[in-house]
Amino acid sequence: MSATAAKTDAGLSPVVDGTVINDVVVEVATANGTGSQSANLILMRAIFYMGIPVSGKNLFPSNIQGLPTWFNIRANGEGWVARRPHPDFLIAMNPETAEADINALQPGAFLILRDSLKGFLKRDDLVVCECPFDKIVAGIVKGLLRKKVVNVLYVGVIAHLLGIDVEAIEKSIDWQFGTKKKAADLNKTAFRESLEWARENIPSQEKFQLQKSDANEGKIVIEGNEASAIGVVFGGATVLAWYPITPSSSVCEYAIDYFDKYRRDPATDKATYAVVQAEDELASMAMVVGAGWAGARALTATAGPGISLMSELAGLSYFAEIPTVIIDVQRMGPSTGLPTRTCQGDILKAYYLSHGDCKHVLLLPGSVEENYEFTMEALNLAEQLQTLVFVMSDLDLGMNYWVTDAFKPPTKSITRGKIVTAEDLENGVEFARYRDVDGDGVCHRTLPGTPHRDAAYFTRGTGHTDTATYSEKPEDWKNNMDRLVHKFETARSAVPAAKIETAEGGSEIGIIAYGSSDLAVREARHILARDHDLSTDYLRLRALPFGAEVDQFIRSHRVIYLVEQNRDAQVAGIIRAERPEFATKIKSVLHYDGMPIDAGVILARLLKDGSRENGSQ
Amino acid sequence: MSATAAKTDAGLSPVVDGTVINDVVVEVATANGTGSQSANLILMRAIFYMGIPVSGKNLFPSNIQGLPTWFNIRANGEGWVARRPHPDFLIAMNPETAEADINALQPGAFLILRDSLKGFLKRDDLVVCECPFDKIVAGIVKGLLRKKVVNVLYVGVIAHLLGIDVEAIEKSIDWQFGTKKKAADLNKTAFRESLEWARENIPSQEKFQLQKSDANEGKIVIEGNEASAIGVVFGGATVLAWYPITPSSSVCEYAIDYFDKYRRDPATDKATYAVVQAEDELASMAMVVGAGWAGARALTATAGPGISLMSELAGLSYFAEIPTVIIDVQRMGPSTGLPTRTCQGDILKAYYLSHGDCKHVLLLPGSVEENYEFTMEALNLAEQLQTLVFVMSDLDLGMNYWVTDAFKPPTKSITRGKIVTAEDLENGVEFARYRDVDGDGVCHRTLPGTPHRDAAYFTRGTGHTDTATYSEKPEDWKNNMDRLVHKFETARSAVPAAKIETAEGGSEIGIIAYGSSDLAVREARHILARDHDLSTDYLRLRALPFGAEVDQFIRSHRVIYLVEQNRDAQVAGIIRAERPEFATKIKSVLHYDGMPIDAGVILARLLKDGSRENGSQ
Amino acid sequence: MTTATEPAPPAKEPKVNRLNLEKSAYKGLASTLCKGCGHDSITRAIIDSLFDYGVDPMKVAKLSGIGCSSKTSAYFLGQSHGFNSVHGRMAPIATGVALANRELLNIGVSGDGDTASIGLGNFLHMVRRNVPMIYLIENNGCYGLTKGQFSATADRGAVLRKGQTNELHVIDCCALAIELGCGYVGRSYSGDFKQLQALIKGAVAHPGTAVIDVISPCITFNDHDGSTKSFKYVKEHKGFLHDIDFRPFFGTEEVDYSPGETRVIEMADGSKITLGKINGSEYDPTDRFEALKLLDRAIDEKFYYTGLIYEEAGIKPLDEQLEMTPEPLATLPAERLRPTDECFNKIMDMFR
Amino acid sequence: MTTATEPAPPAKEPKVNRLNLEKSAYKGLASTLCKGCGHDSITRAIIDSLFDYGVDPMKVAKLSGIGCSSKTSAYFLGQSHGFNSVHGRMAPIATGVALANRELLNIGVSGDGDTASIGLGNFLHMVRRNVPMIYLIENNGCYGLTKGQFSATADRGAVLRKGQTNELHVIDCCALAIELGCGYVGRSYSGDFKQLQALIKGAVAHPGTAVIDVISPCITFNDHDGSTKSFKYVKEHKGFLHDIDFRPFFGTEEVDYSPGETRVIEMADGSKITLGKINGSEYDPTDRFEALKLLDRAIDEKFYYTGLIYEEAGIKPLDEQLEMTPEPLATLPAERLRPTDECFNKIMDMFR
């Protein structure tokens, strides 16, 4: 692999000069529904067990069986495991995409080619390993099982080439099949046969090697949706209403499992939660609104089309001040869009969701750990602020595999916000549902069923006074709407503050990003500093409305690059609208083709601007 | 009435010094469902017949019978008939609000008081005319009719006081009751009795007088919703699907009447249109989408909650490029809000409606004439641009009474956009549904049923190539999304351009407004120039996305006051997001209490800023 | 679903009920509906039946959608929390409430537009889930609040004030509820106070979804000739299926029905509904097909058969299906909502 | 609703049909569904029946919602315009299409999730309006595309792959369609090719809404033991109501049924559906109550009675109710869409 090749992605691929240790991208091209997923996870997890930081991204189609799928594994000793577009190794198993996949490779890349596909190979600048997988598998199992088992064979070949630890692979196989020992054994056999075959037939290579490391101490491998589900269960959610939609369904499906295991009363085995699969998103959100009103910690999870359907109820939650939580695992829109591709295209939509003047609180998890934490946080904030709180995850976080420090048990307690009880009332506490007693715009509420005759109030989506009676009076309307603005200002400091990382000595260039762009941004900063002597400061936005630290950050930088995975620069638009004085400082770096963002996108933009500036100096 | 009083609204009320001719505000306070509306319209129309510019605003409750209603009539010889908050004459008929209504009057104002309400009068700085309406009506009719007829009595009193032409009133009564001659006669009798009574019992006054004028030649009185309905029928709409919601229902109900009268085939009496009252807004919009796809000129009318429910389908219309039109008669939101109060709170929401990156074309009628024109224009634009087009009316335009030049018959022809026919295909025209053949981002379409074997294509809300086949390829997705941006740029110059009025010699202060704020803005400019020597330029935005003339206008002014009837400065936010360089130039003037905006709001802001600037100089 | 606790002696027109509450405790704000609106009569029936039954107002959640009918939730039980939500979504909102707090008695009032038009799908799915609640439909065949357009419960051939004729098949919420497995379905008329009260009390005693469709004329927009929901029309075209009465479980009197003349339905809490024959003919409300056939005939005849149309005991309500803990989830203490740190760490180990 | 024009001689397995089209003109893209999916069989039945019938593909609009089932609209009739819309809204979208162009034959394919869950309200209202269209439900009792969760047509007691049991009442789209006044309701099984074809052809000939619920097993997520929609279960638990056949109106052969053994249903276009007795027992699909009773029994028995369940002629389809001009509104020339200037000025005068 030549240095030229490496240059095409602006320093993203390692410059090969001698042996690159612990820095490689392996891509597996298969068809979905063929069972290749378990082979891919075995491979990824084996690298994890070797102690090397690694990520696994599944690019699957919106289909159940037969359409092309790619699994992209990036191992990087320094922890740079954001997506990198050009694989060093391609495992080509799918005739449908083989030609295009092969043609897209960088010169010098390694190609592990199922031998039945060799007809698709039309270039000679690759290192090609033809593998008779079908023949090998025929020697191992019979019948339909072959289709499944054939996948673990490429694990053997790549293990040979990259020097992956055999024990790690076997441990990984055990993990993968859990109690299904027979399946595990079969896979181990197949793996070993294939490794054997590879050792005999494929020359080993020295360009890329993996070596045991200790970077994964205390770490786990987890998908964001499962992390969110843990947040649901440990966050004290009591009502979960949902409607299946990719890529959010597994949040709920995992939650159901965890609920069932961990949230039944030890004495009676009765559930301390309720989960309902609703008939649609209007219903699931309405259930959450009803439950939130009645005092449950209630939430739902959905994706773009669901958000659209929940609009009217979102406005009700805002205006009647009912605690609700929506986890939006963003997928590519508009419309049905690309249900199995990632993006950050719902931010603006969620922020302003529903007709009329209303805005919502958005938490923006930037890691699977924050999927877990922010889900719990959202349940607290919704009750504290008595409003709708979104957790804006995305498909990349939600459905891909991330290595992370094991999460810590919850540190923050479950808080319920301002609730007036029968006791309070008995003690003479005055209760006016929409009165700003504390000066923070957040009022007090009673829960239905509170056994006191002064507890009741009447909730409506129509204009009301501070004692919750119906009113069409101009001043009542305006006062209430202004209080809601005040409450939203309160939210600015209640939500998770942005995280800021400054370059040594600081920089006049600031980067702002959020959500799943984090790793790519950090890698870009790293390369800019390392290769281009360009230092940058970095603010990772973790919620909207944004706090004072964001103002401060923007103010103190000459230029801000705002990285977003959407077309319309959605967060840039929000900041410009709310902070006109910063409007011209913000330059947008946008990525919206459905693939998780990679550092190259950011690099390219900053380098281009840099050279333009230099040119004009 | 003292000059002080007049000053409190910054010159909005006339300074009384001698007799004010043709400049008065009369407010009638009644309960709804009592039949007072016809008396109010008689009064308003009589002033119209006198040739004096006049407006009638109905402030009615979200209720069918019994709750307070106000009707606000403003007559102004110079045409300043935007709302003016402080009436010169209050007709107090409703015990429920009498006290508050009376207390809100400016000192010196005239109070026409139903005598049964005199207990509510607790101030002595008003000119009070106590009227024994109930006694008078008892002498005219019996039974239940009294309740209705009593209202026309106040018309008699005010006619006496203001010198309203008796013939004009009688003509107005005839108009009001149409063929119901008996009712007309009864009302005439009652009116005359009351006039007689007033002449005998109430001293005439010289402060406010109405005199015949000739300002209303060629004019009509019409509600915006009826104007829209005429636009529907003459715009060649073929499918109208709707769901009742205040304040949009009457658009459809009027359209049904006009359709029935004017859009049946003369030969067969068959309908050249179809109207369906759907089961909800999801369905009405889905019907519009289906009809638009199949080649109908299809539309719906709704209000905020409907917009929220239509979100998902709006995204489908955008992304699959299906011509659809939504008339949004805005009412106060969020949530159910104040269904019978006006605002401009859906602009931002409609612009960005639906999840993912999408934006829609919005027409912003600023007069009832534009309600008519823009409805027709929207039907054309939707087909030309193959997208969703909103007409953003509001309750003030839609349900209040406006004097306007009679509309002209449609001048623009019905255009259908780029449709490829069987003949075209026969002649070898190549057809690729989503290919940008013309370089404007707008592609060609065929209609279902086109009798040619190459006509068919497959429509979907998922990713597609330019030949409309399914695709998850990153580049296909991105190309298509970028073309949609390009199409949106094309829309900028296709939509109605903003209207600009510059002060003589120009000003460095620009005002931008849209929709029903127009009259109030013009009045404010007039007063600023007249009383405060402050000249301003004015751009009335008529559509989003905004055209180059808006850029030009903002660029050439030092400061821009953007007047909006919403809390969150919605259009300001859009401009700031799209034109960061102008962000700091824009100052928002916001009004959002449910009442139609009045010039005083704008005046107050500009004067405050003016004095602050002067102070700091 | 009942929240009653201590038995108390019933009496004719008692000053206080068995909870020692006066009738005033069951009243709400003054109605702002049109004078003579059928809905106001239903409000009165609700007040009286809950007073009579001795339902604890502090344990009631009042729910509604949007419409004139939905507004009425403000006009009764001023001491109960109320939620006038959005158009058509009362059913799933009530579902959420029922899950959050099993101890509440959920009383929903909705309109025919709210339920049978925009809310139809959600309504049917609520019925299917057997959400514990009373779902009252105040059915006037039109959209009152938006000024009288036809709703989906308008009969074929019914005429609007302005003259248009409805061509569409009527939606019968009772029939659909039965089709979806509802265990308590009644129809009544806003003016039939006694019957309505008995049906409402029976609904309080019913553990799952209880649907009562009350024909409730709109005096302003649908009370003209040609309407099949005008006061006049309904009075002339309705009949009682039975002479219905409700005997609360805490009653001390002996039930004095003559066997053979009266059918008795035992409710889950021990209360009884008695159904006396009318003109000697007996209607069996436990026979699904009788019920559906009757309703279908009613459509053809444009006639309202009123009374308890269908009753089926023993269907599990949603909260039981979900095996929920009996206390309200809403007020479970934090420690019961969060598994231990050990559990947490055990979970973490699975991902290593 | 039929778009056929010229008669042509029918033949067994003809190379071309009466429009001189080959079967290939009725095919679509290759399916991307799982191998063995029931939906693919239905696709084949659609292709064959429309070919046989001689429907003009250029006069067909294919409509669908979202789901595996909804995808299939791409797999037949490649020469027809198709619209794979959004989840649950096929019914109102089809309504719009039907209004825009009365000459189109609207063929909709939807799933049980699409129709009976999210789309239930809109589906029922479409049926109520009698929108001219064929509405095929590819019913697998689960959400295929989102990986196998229960849908609302899952039977009570059915078991998911992962072991959960469905506690909820099944929604029977056939029963509900009948309840809402549908004039053509059939049930079939994806594997019963002949019956399915006859039902589809009958639907083509039916002038209003035709609902066909086709049990169509999901081989990937709902084909296990405990499922009541698995291939095995369905095969063992279904029965034919009759031996159904469709005779097109352009048929020249004499209909050779033996009177008494076969019931004949005449369609609006002159075509005939013949229903032969099975084992001597006769089912009367024109008796509403028979139909509803049968469907109710089927729920208890967890059994699929297949065939033409209900037929009622003469209900006005929506376009007729609206007295629409017969030509497609979509292509009316501009001059027929805009009243004259005189009309306009007359209107203006009203406001003076």
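By written order: A, B, C and D. Residues from 1 in each chain.
Criterion: contacts are C-beta pairs under 8 Å (C-beta built on N, C-alpha and C of every residue); 3 or more make two chains touch, one makes a residue touch a chain.
Quick caveat: nothing in here was measured; it's all calculated off a predicted structure.
For chain pairs A-C and B-C, the one joined by more C-beta pairs in contact is A-C. Listed candidates were B-C, B-D or A-C; the one reproducing the A-D interface, defined as more than half of contact pairs identical by residue number, is B-C. Separating the centre of chain B from that of chain D, both taken as means of CA atoms, is a distance of 44 Å.
Between chain B and chain C the centroid-to-centroid distance comes to 41 Å (mean Cα coordinates, whole Å). Distance from the chain C centre to the chain D centre is 35 Å, each centre being the mean of its Cα atoms. The set of chain C residues touching two or more other chains comprises 86, 117-118, 120-122, 125, 129, 152. Annotation for chain B: residues 62, 279-280, 305, 312, 316, 335-336, 460-462 touch two or more other chains. Listing the residues of chain B that touch chain A in their complex gives 61-62, 304-305, 307-309, 311-312, 314-316, 318-320, 332-341, 343, 345-346, 348-349, 352, 354-359, 460-463, 472, 474-475, 477-478, 481-482, 485, 566-570, 572-574, 576-578, 580-581, 583-584, 586, 592-595.
Listing the residues of chain B that touch chain D in their complex gives 219-222, 230, 233-239, 241, 258, 262-263, 265, 268-276, 278-280, 282-284, 286-298, 312-313, 316, 406-407, 409-410, 413-414, 446-453, 455-462, 470. Chain D meets chain C in the complex at residues 117-122, 124-125, 128-130, 152, 167-169, 171-172, 175-176, 179-181, 288-289, 292-293, 296, 316, 321.
Interface of chain D with chain A (complex): residues 32-35, 66, 68, 86-88, 117-118, 120, 143-147, 149-150, 152, 220. On the chain B side of its complex with chain C, the touching residues are 33, 62-67, 243-246, 249, 277, 279-281, 305, 335-336.
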